[in-house]
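Presented sequentially are two complexes of subunit A, the first with subunit B as partner and the second with subunit C.
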Partner chain A sequence: MNWFIVLVILLNLSIVSIVLKKFMIRGETKLPLKVGSLATKGMLVGYFGILFGFTIAAAFITPLEPSYDKFNAEEIERFDELFTKLSGGEDEGIPAGFLVEEWSKSVKGKTFKVVNENPNWMPLTVFIVRGETNGGKVEASLYKGFHVINEYVVRDYMDDIELEWQEDRLTIKGLKNEAITMSFFKHDFVFQQLEEERFTPSTAMSEQYPILYIKVPDSVELEVDEGAVHIVES
Partner chain B sequence: MSLNEASLFDVVKKQIRFKMKSYTGIYHSLIILQILGLFVASMGEGSMSEPGFGRSISVQSFGSGPVVAVTALWLFINTLLLTTRAYREDDFTFVSTRWSRQLANFSFIAILATLGTATAFMGTNALKVILFWTIGELIMLNNLSFPSIVESLVVLFAYLVLIAAVAYTIGSIVQRRKWLGIGISLLFILFGTVSIGYDTTSINVLIYFFMIEPNFLVLILKLVSAISLLFLVSWMASDNQEVRV
Partner chain C sequence: MKGRCILLNREGGSTMGFNEVSLIETVKKQVRFKLFSSPSIWLSLVGIQLFGIILSSAIHNPSSMTTDGITLTRISMYDSTFLMVMSYIWIVTSSIGLGVSSMRRIDFTFVSTRLSQFISSVVALVVLAAVGAVTAYLGSGLVSLIINLFHSGLLVQVNFSLMEHLVNVTGTFGYLLMFAAAGYLAVCLYQLNRFVLPGMLVLYGGVMYLSSEFEVKSPSLQVIRFFEEEMSIMLFLLKVIAVTAILLFGVWLVTRNQEVSS
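Coming up: the complex of A and B.
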């Protein structure tokens, strides 16, 4: 139960009882709950006063921006473009702003391993391209993803993604599984009816996994769970 | 025979004042229902969570719907009560006509709708503050500008008067022909059952006629027309009711 509501109810009851005490005419009937016209007026004024106080407080609270970013619809189009290009093995001319990190590592042995520490689940979209690379190195790029709930981007989404390079092995680390609570408030439809941009929950949800794009030279043997990654035919 | 000839305006004014002072239960029920609405609204309209893989995200949704809904319900019930015999007989304490009685009732309904609009709006703000206080970080899905708040309040007032007009018309018809009450109730149940899941039923078309109108002036025009029509029907239904029977 919401303790604050209880507090508000108690506050209201206190005001009502004070008003009753002040305005009640203690007649012969001795009905303490009989509310007269004056008492009602007092109750109504008290109720108005409380609500007005809240309204003043709300005027100061509402303009505060939450620490979540509002999602830009163009971003998803650009991400789709990025996804299409990378899934086709094309890493030139991709939309800017998505690249998080790049690596270029030499492989000492004959085999390069990609290991996922998350059991039964891959937190990234992994594209692996076989072909010629600069100096026979393994080249990898990490592109950011995002999770949108009700038009707001889930905070620190990329913080969960951790990659570890150890010689000839790339490990996708296990996620921390941190809990996040997002609370939303929307006005009644009457307050939205005249708005040009109405909130529609169905179009406000989206999750785009981060993309890990790896180029592995033909000369190196690749060891990976092929069911969890996409091998791009070049 | 009285030597004082009271004007219609004076009679209506006295009747409104009488109603406002006498029907105190209306205000009590408003306060109780709105506190109840706030309580329901503070529990949230829904929540979802994505547990399991990766980050578990819990999403809570809150809205001002329950506060507005209880206000509409309050006005509907109390307007319906205004048409009952007990309330009607109160009007005979004045030297009144059907015209003055109806005018006083319409004005009283408008006052109640104003009260409902103001308290529902302020109740919504109270809800916001309560949620900010208890939850901490509340994401506002639709921040309203001052002009849109004013427009929305006018629309809310008009919707409340429309709901009251529906109640008043139903009440007036039922008071005239009691059996119609059963018929109207059955009709509501029937329409309600049919309307669920179908967008093209006549009652849904009627609701959408108002609800999807984005233009402020057109919406107000539609609402005022519907309200006028309903009050005209109630006026006609209350014919010959100025005499105590």
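Coming up: the complex of A and C.
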């Protein structure tokens, strides 16, 4: 990108210097066009008017509040707290807003399996806690994640996650994994330098996978790819 | 300004008669002449900014985010930087155009003095910067409109209130004014002596070399930070006024004793 900017600037400077050299010979200004003072003023006013008209049109056509949620630093902070608590085996006092679904299933055999159908990646952060549970059942909670790009929360992020419970087996189903395409328009730095809140790309990007928190009783044998999940020491 | 300039006959010093001319009237005429005698300034404004609008609308910075090696997100980031760069180029070339000797000779076809010539140039630069700032700012809206027509669901990063619009235009005006003053000073220095500008470039290169040699922060970076990091409109304006005043004072020092040739 940088080389292109330099090329464009050099091209412009070359054009300007050629024009200046061509039309300013021996101190005499040779005008390329015979345009009167009134026409010049008219052209300027016309240009201003056209730009102003397009700006008004842009304000109406570009929705002020697009149907995307804006970046919310507090929500990310709350998610971080949730992550910290769950990673420490603490699932009390979790804000209800994060909870997507809960399960409590009995295990008929001696072994409980967690299987991921997605090749090469795990679309969830999975915490597994071993310990005593109510009635010796496997308890699980799914908490929502989010993906923020340039201050906007990506819609329908991981909403096609599907967890399939069979008797002694929890399967994390394959996702479509379709690429998300987003287009942004950012004003030049100069246009927002004096704003109270500047756009800072580093804080405007965040991706947090949904969290699956599973409690498996000690009496049940666990079969899982330990490299893809976090076993929490309770 | 209430002052009046009295033009004496230049020949020999003996006064054949007084021509009392209002300084303000002279400046007004000169400013009008500088700005509207040559349509090329405004034609180039329209041409260069439209070029910038086209570039800003067409060129985007693509990026993609991958998670665990799988591409999940493709982002197209458009901005109005090209438009601003073109506006900077326009203001610098226009201020150079104002400063070239042919234009300064034209100034003295009026009944004028060095002072009126200087003041009219400063006013002309301020007008150029103001028009450039407003059109560049409005052009930014046009860029977003064009992109929006071709990309449904375009997200505009920041939407401003009316007061914020005014503040932003003022900030843009400040930058353009400094560029204009710098361009005008550069051409005046060049006319004073053709070796001054290359000499300054050599000096600048030397300072850059020494700053890197002694691991001192680059002076140009410090100057950029001096303006870029300012978020208060009042302090920013103070800085702009101070720097512009220094540049224009340099212009006055360079041009006040120059001879007028025809």
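FYI, the second predicted complex is superposed on the first by the 176 of 234 C-alpha atoms of A that agree within 3 Å, B and C clash if a C-alpha of one lies under 4 Å from a C-alpha of the other, contacts with A are read in each partner's own complex, and residues count from 1 in each chain.
Here is the rule we go by: contacts are C-beta pairs under 8 Å (C-beta built on N, C-alpha and C of every residue); 3 or more make two chains touch, one makes a residue touch a chain.
Since we're looking at a predicted model, the values are computed, not measured.
Legend: residue contacts after superposition of the two complexes on their common chain; A:D160 is shown touching subunit B, with no touch to subunit C.
In the overlay built on the shared chain, the residue A:D80 is in contact with neither subunit B nor subunit C.
By the touch criterion defined above, A:E101 reaches neither subunit B nor subunit C. Annotation: subunit A residues 4-5, 8-9, 12, 35, 37, 40, 43-44, 47-48, 51-52, 54-55, 57-59, 61-62, 66, 68, 121, 147, 149-152, 154, 177, 179-196, 199 touch subunit B in one complex and subunit C in the other. Residues of subunit B touching subunit A in their complex: 21-22, 24, 27-28, 31, 35, 38-39, 42-43, 53-65, 67-68, 118-119, 121-135, 137-144, 148-149, 151-152, 155-156, 159, 211, 213-216, 219. Subunit A makes touch with subunit C in their complex at residues 1, 4-5, 8-9, 12-13, 16, 19-20, 23-24, 27-29, 31-33, 35, 37, 39-41, 43-44, 47-48, 51-52, 54-55, 57-59, 61-62, 64, 66, 68, 120-122, 147, 149-152, 154, 177, 179-196, 198-199, 205, 207. Considering their complex, residues 2-5, 8-9, 12, 35-37, 40, 43-44, 47-48, 50-52, 54-55, 57-59, 61-63, 66-68, 118, 121, 123, 147, 149-152, 154, 157, 160, 175-196, 199 of subunit A touch subunit B. Chain contact summary for the complex, subunit C toward subunit A: residues 32, 36-40, 42-46, 48, 51, 55, 59-61, 64-65, 67-86, 89, 93, 96-97, 100-103, 105-106, 131, 134-135, 137-145, 147-149, 151, 153-160, 164, 167-168, 170-172, 175, 228, 230-233, 236.
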